[in-house]
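Dropping the structure in here first, questions after.
Going in written order, the chains are labelled A, B, C and D, and every chain counts its residues from 1.
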Amino acid sequence: MTAETRPERYAYLGPQGTFTEAALMSLPGAADVEQLPLATVPAVLDALRRGDADSAVVALENSVEGSVPTTLDELATGEPLRIVAEVHLPVSFALLVRPGTALADIKTVASHPIAQPQCRRWLAENVPDAEWRAATSNAEAAQHVADGHYDAALAGSFAAARYGLAVLAEDIHDVADAVTRFVQLRRPCTPPPATGMDRTSVVAFIGEDHPGALLEILTEFSVRGINLSLIQSRPTGAGLGSYLFWMDLEGHVDDARVGEALMGLRRICADVRFIGSYPRADRVRPEIRRGTHDADFTEAAAWLTTLRTAHP
Amino acid sequence: MTAETRPERYAYLGPQGTFTEAALMSLPGAADVEQLPLATVPAVLDALRRGDADSAVVALENSVEGSVPTTLDELATGEPLRIVAEVHLPVSFALLVRPGTALADIKTVASHPIAQPQCRRWLAENVPDAEWRAATSNAEAAQHVADGHYDAALAGSFAAARYGLAVLAEDIHDVADAVTRFVQLRRPCTPPPATGMDRTSVVAFIGEDHPGALLEILTEFSVRGINLSLIQSRPTGAGLGSYLFWMDLEGHVDDARVGEALMGLRRICADVRFIGSYPRADRVRPEIRRGTHDADFTEAAAWLTTLRTAHP
Amino acid sequence: MTAETRPERYAYLGPQGTFTEAALMSLPGAADVEQLPLATVPAVLDALRRGDADSAVVALENSVEGSVPTTLDELATGEPLRIVAEVHLPVSFALLVRPGTALADIKTVASHPIAQPQCRRWLAENVPDAEWRAATSNAEAAQHVADGHYDAALAGSFAAARYGLAVLAEDIHDVADAVTRFVQLRRPCTPPPATGMDRTSVVAFIGEDHPGALLEILTEFSVRGINLSLIQSRPTGAGLGSYLFWMDLEGHVDDARVGEALMGLRRICADVRFIGSYPRADRVRPEIRRGTHDADFTEAAAWLTTLRTAHP
Amino acid sequence: MTAETRPERYAYLGPQGTFTEAALMSLPGAADVEQLPLATVPAVLDALRRGDADSAVVALENSVEGSVPTTLDELATGEPLRIVAEVHLPVSFALLVRPGTALADIKTVASHPIAQPQCRRWLAENVPDAEWRAATSNAEAAQHVADGHYDAALAGSFAAARYGLAVLAEDIHDVADAVTRFVQLRRPCTPPPATGMDRTSVVAFIGEDHPGALLEILTEFSVRGINLSLIQSRPTGAGLGSYLFWMDLEGHVDDARVGEALMGLRRICADVRFIGSYPRADRVRPEIRRGTHDADFTEAAAWLTTLRTAHP
């Protein structure tokens, strides 16, 4: 096999059978990539940073099996990486058991700690006497069931075949329509082209805890008609008064309104890190406010030139 | 005399002896210009528009003898002109009389209608029984005194010699430190170069009377650290719900922060008219907010380019 | 006549035949009041302050014959008075002449200086060779025509009969739909009751010229869904950096949203003067933003009490 | 023992030996309470809701061993509870081993998944060849070491004695000065009295994903000079466009500025949940902006009354 045809290697939060693997498999061309399952989000990201992998897939928001704060903090403050795509998966578990197990037989249910609260109403109604056991991942929980340590695992139904388990119940979740958002990462690169249905992730660092800092940041977006779909404040670790804000915004860094807003952030914040512009998984086309299309910026720039050089 | 040496002609609100003439005379090189006194602000501006004059001087703010609303409306909605300089004169009147007249002799005091309220406390204390008479200008009032129609005129002390009058009292004004602001106009031209102590005048038109329109406009300035020194709303004449805002702001159209703010206005307003950038008469150097120097804009633009093209 | 039946006396900017008199006559019950025409806006307001008049009528905005800045400054900084009503009159002049005069006979046209620019296009087309002459008021101009000093006057057509003149042309104005706004004043009193179609006038004083002061003030309104219909900045006379803002807002001081906004101004401004709440002359019922009805404020206050005292 | 003297029972995220237990023990009077360790945050909160416990202690922010998103979501959307106190503990781990174990002997290190990334630089430098193993809690990891399953555990040094382990290294953390914030909860009750150094937690629900919703919310705080120390957006589970914002703000619900801001939120948001006002653990006294002291609100309210009833 020549260098040209060597398949890309994608690191992800494993083991095989996790939701993250399912997210990876939903990416275009995923069938041709070499998978590299790793035990923790930092391990996955470091593999990409070191060049052991060409890309990485991790959960970012409302995760069922990865640590969202860890992902945010790693991307915000570790060696820079870029999001190039996102995947939304519905939050929906299957109850996996060894073939032959009935609900009444289940004394223990294992899962990642974050899966448990998302199913606890279902568990209370269907296996009220079962005790819950923690596992490092839902896939590991399935392995423990296969090994006979526990009676049932909450995991994706796609994990059943891999571990030789049966699906005793499907589509388990307490909250309807919940999704987990995964992101595909690469080392710093040119963003994928704008599609008109894009999202941009950016991290703003506030040096001193000054009142109104967040309002200033949000005003940079609102004055240019840019809506935020996610905002999280996180301590930077440099003391309690020092914060960073992770923000997901509608639009692409190549959009004039987004570019000008990012420059505004750059000017007023202690630091700004661009995490990436990429197509939205939900393919929602945001409404663009009057006066904030690229053509409006181009026209205004031409007008400004006439003011500065001569005639109105 | 060749074309090269023909003196420039400056139109102003006359007649000779007005404060506007005093403002004109304070401009650099005024001694060499040909003066063209005219009877109304519109006449002055039209002379400049038609080319009968090369420049014009009129009162803009807190006038003592010209109509400020007329100036604003003419510049906002008439054929475009540009402010290239401003002059501040203290509001201070002299009481001009025919030689030999004493305070006790004064039965009538004439002035432009706008001068009267600025001196009425002084008049009430010093000539309590005198009646006030309107004149088209303070200079005309002085002429009427010289002609014997009235006993005294409120005018600039510089008008005394011209009309053969004596100064019976000086430095008359009810409010300390008041000034009148005059502007020098030219037909559309390249603005005078930035000095770091500049003012920019701009008019924004609001098409529909939508709540928050003014707040949106002010946010375009505040988000870029630009302070306003004057704001006036005026009906546009196109119905009661249609307004324009005249705004004077700190900075020059060549400043990056001002340029970007003007482009923002251009994008969100029904129309924007640039009236000019020119040195401040008070030579106050405004404090420039962190992150809004030209160098900050340049650095941010370079950073944005790296985001769009490749690497963080 | 007993004290109980003595008619009220209304001071106004005279003489008889001005637009201000016409505004006064349009007030309910005007037929029964005693009129007190006075020569200047300050004289009118002082008559009310001293008790020589029970009420006063002056032009406030876009005046054709009174000085708007004078009215604003007097109400903002003089001894306090309150607006209790407003009147809108269309800006429309008649050309008054002595009976028998034809357009071709007219060599001079007199008017208040503010009327001239509002008709100059008409004058240029219809009496291109006539010279304009200033008068203290349009009514005085009419008197001068009656006396034979001038050939024509720009004034309200209602002034013709009073001065024995003929109306040679009517409905003269360069701008369609322009109106002048007059206000009725009283000494401080309880505001007229809210009608749902009210306006409130208020003056905010900014102690130091600090950047963003106006934005802070406007935010107090916008955060409570209150729209401004007029804003004027005026120097206070206490130095160039010291400004006041006259603002007209939609709503009544008895409205919860207006009351809370005024308290906000009171807390952040160097000083605030309430000028009055009164029915809008245009009888436009403003849209009230979600969450800013009186009932919303009442419900929120009840909710807050439950938070503070015990239970959610 | 009579009912009067029965000790209060505090539920917390166990088992014994966790950081949460350490937080509980730092509360005033903790020595006299009965401890109820439970396996998950939902279990802890439900024990309090049902009355099985009188109070509960869980991690809220930057947790090292509990799920912060779970705590936020439970408090935001579960049956209401109130925060009455907070505790800050430095993020600092000990490496616990069976007595006699040396660094070179360590092949496996166990911990809660969230502890691992906070120590990984230390682990890479000190036990580069050790593999990491997940545990449900750091205390459970310590138990596994005591049982001989693993060689070392990352946990609080206070857990060593309980599990018969030795502290091989202390004060392990990659980031200096990081803290975990725990909160004490009770069923709905009157908030503890204001101390001048208070924090208020509140959750705002945005019904529709409308642009600028967050800006509106923040403006309600900023216009009243209230600073936020934490903001997190979370999907509500009712679809992707439906968000809630958890916000921690400086001040107490009994402060006038906080009360008015909360009423503002109540008026504009689909729903608002008050989570509690309680003394700040860091005892920082926030600067109160000019015009936002309680006395300013009281004075402004008195002033408004004079406007509405009669005289300026």
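Here, contacts are C-beta pairs under 8 Å (C-beta built on N, C-alpha and C of every residue); 3 or more make two chains touch, one makes a residue touch a chain.
Keep in mind that this is a model prediction, so the values were computed, not measured.
Novice: Copies subunit C, subunit D: same or different interface, half of numbers shared as the threshold?
Specialist: same
Novice: Whole-Å distance, subunit B centre to subunit C centre, using C-alpha means?
Specialist: 24
Novice: Just give me the whole-number Å value for how far the CA centre of subunit B lies from that of subunit D.
Specialist: 59
Novice: What whole-Å value do you get for the distance between subunit C and subunit D if each is reduced to the mean of its CA atoms?
Specialist: Inter-chain centre distance comes to 57 Å.
Novice: Check each residue of subunit B and list the ones that touch at least two other chains.
Specialist: Residue numbers touching two or more other chains: 219.
Novice: If each protein chain is taken as a node and each touching pair as an edge, is the resulting graph a line, ring, star, complete or other?
Specialist: Here the contact pattern is a ring, one closed loop where every chain has two partners.
Novice: Would you mind giving me the full set of chain pairs in touch?
Specialist: Chains touch in the following pairs: A-B, A-D, B-C, C-D.
Novice: Under the touch definition given earlier, write down the residues of subunit C that touch subunit D in their complex.
Specialist: Contacts found on subunit C: 80, 82, 188-191, 216, 219-220, 223-224, 253-254, 259-260, 262-264, 266-268, 273-274, 290-292, 296-297, 299-301, 303-304, 307-312.
Novice: Considering only the defined contacts, which subunit C positions touch subunit B in the complex?
Specialist: 39-42, 61-62, 67-70, 73-74, 88, 113-114, 116-117, 120, 132-136, 140, 175-179, 209, 211-212, 214-215, 218-219, 222, 225, 227-233, 235, 237-240, 245, 282, 289
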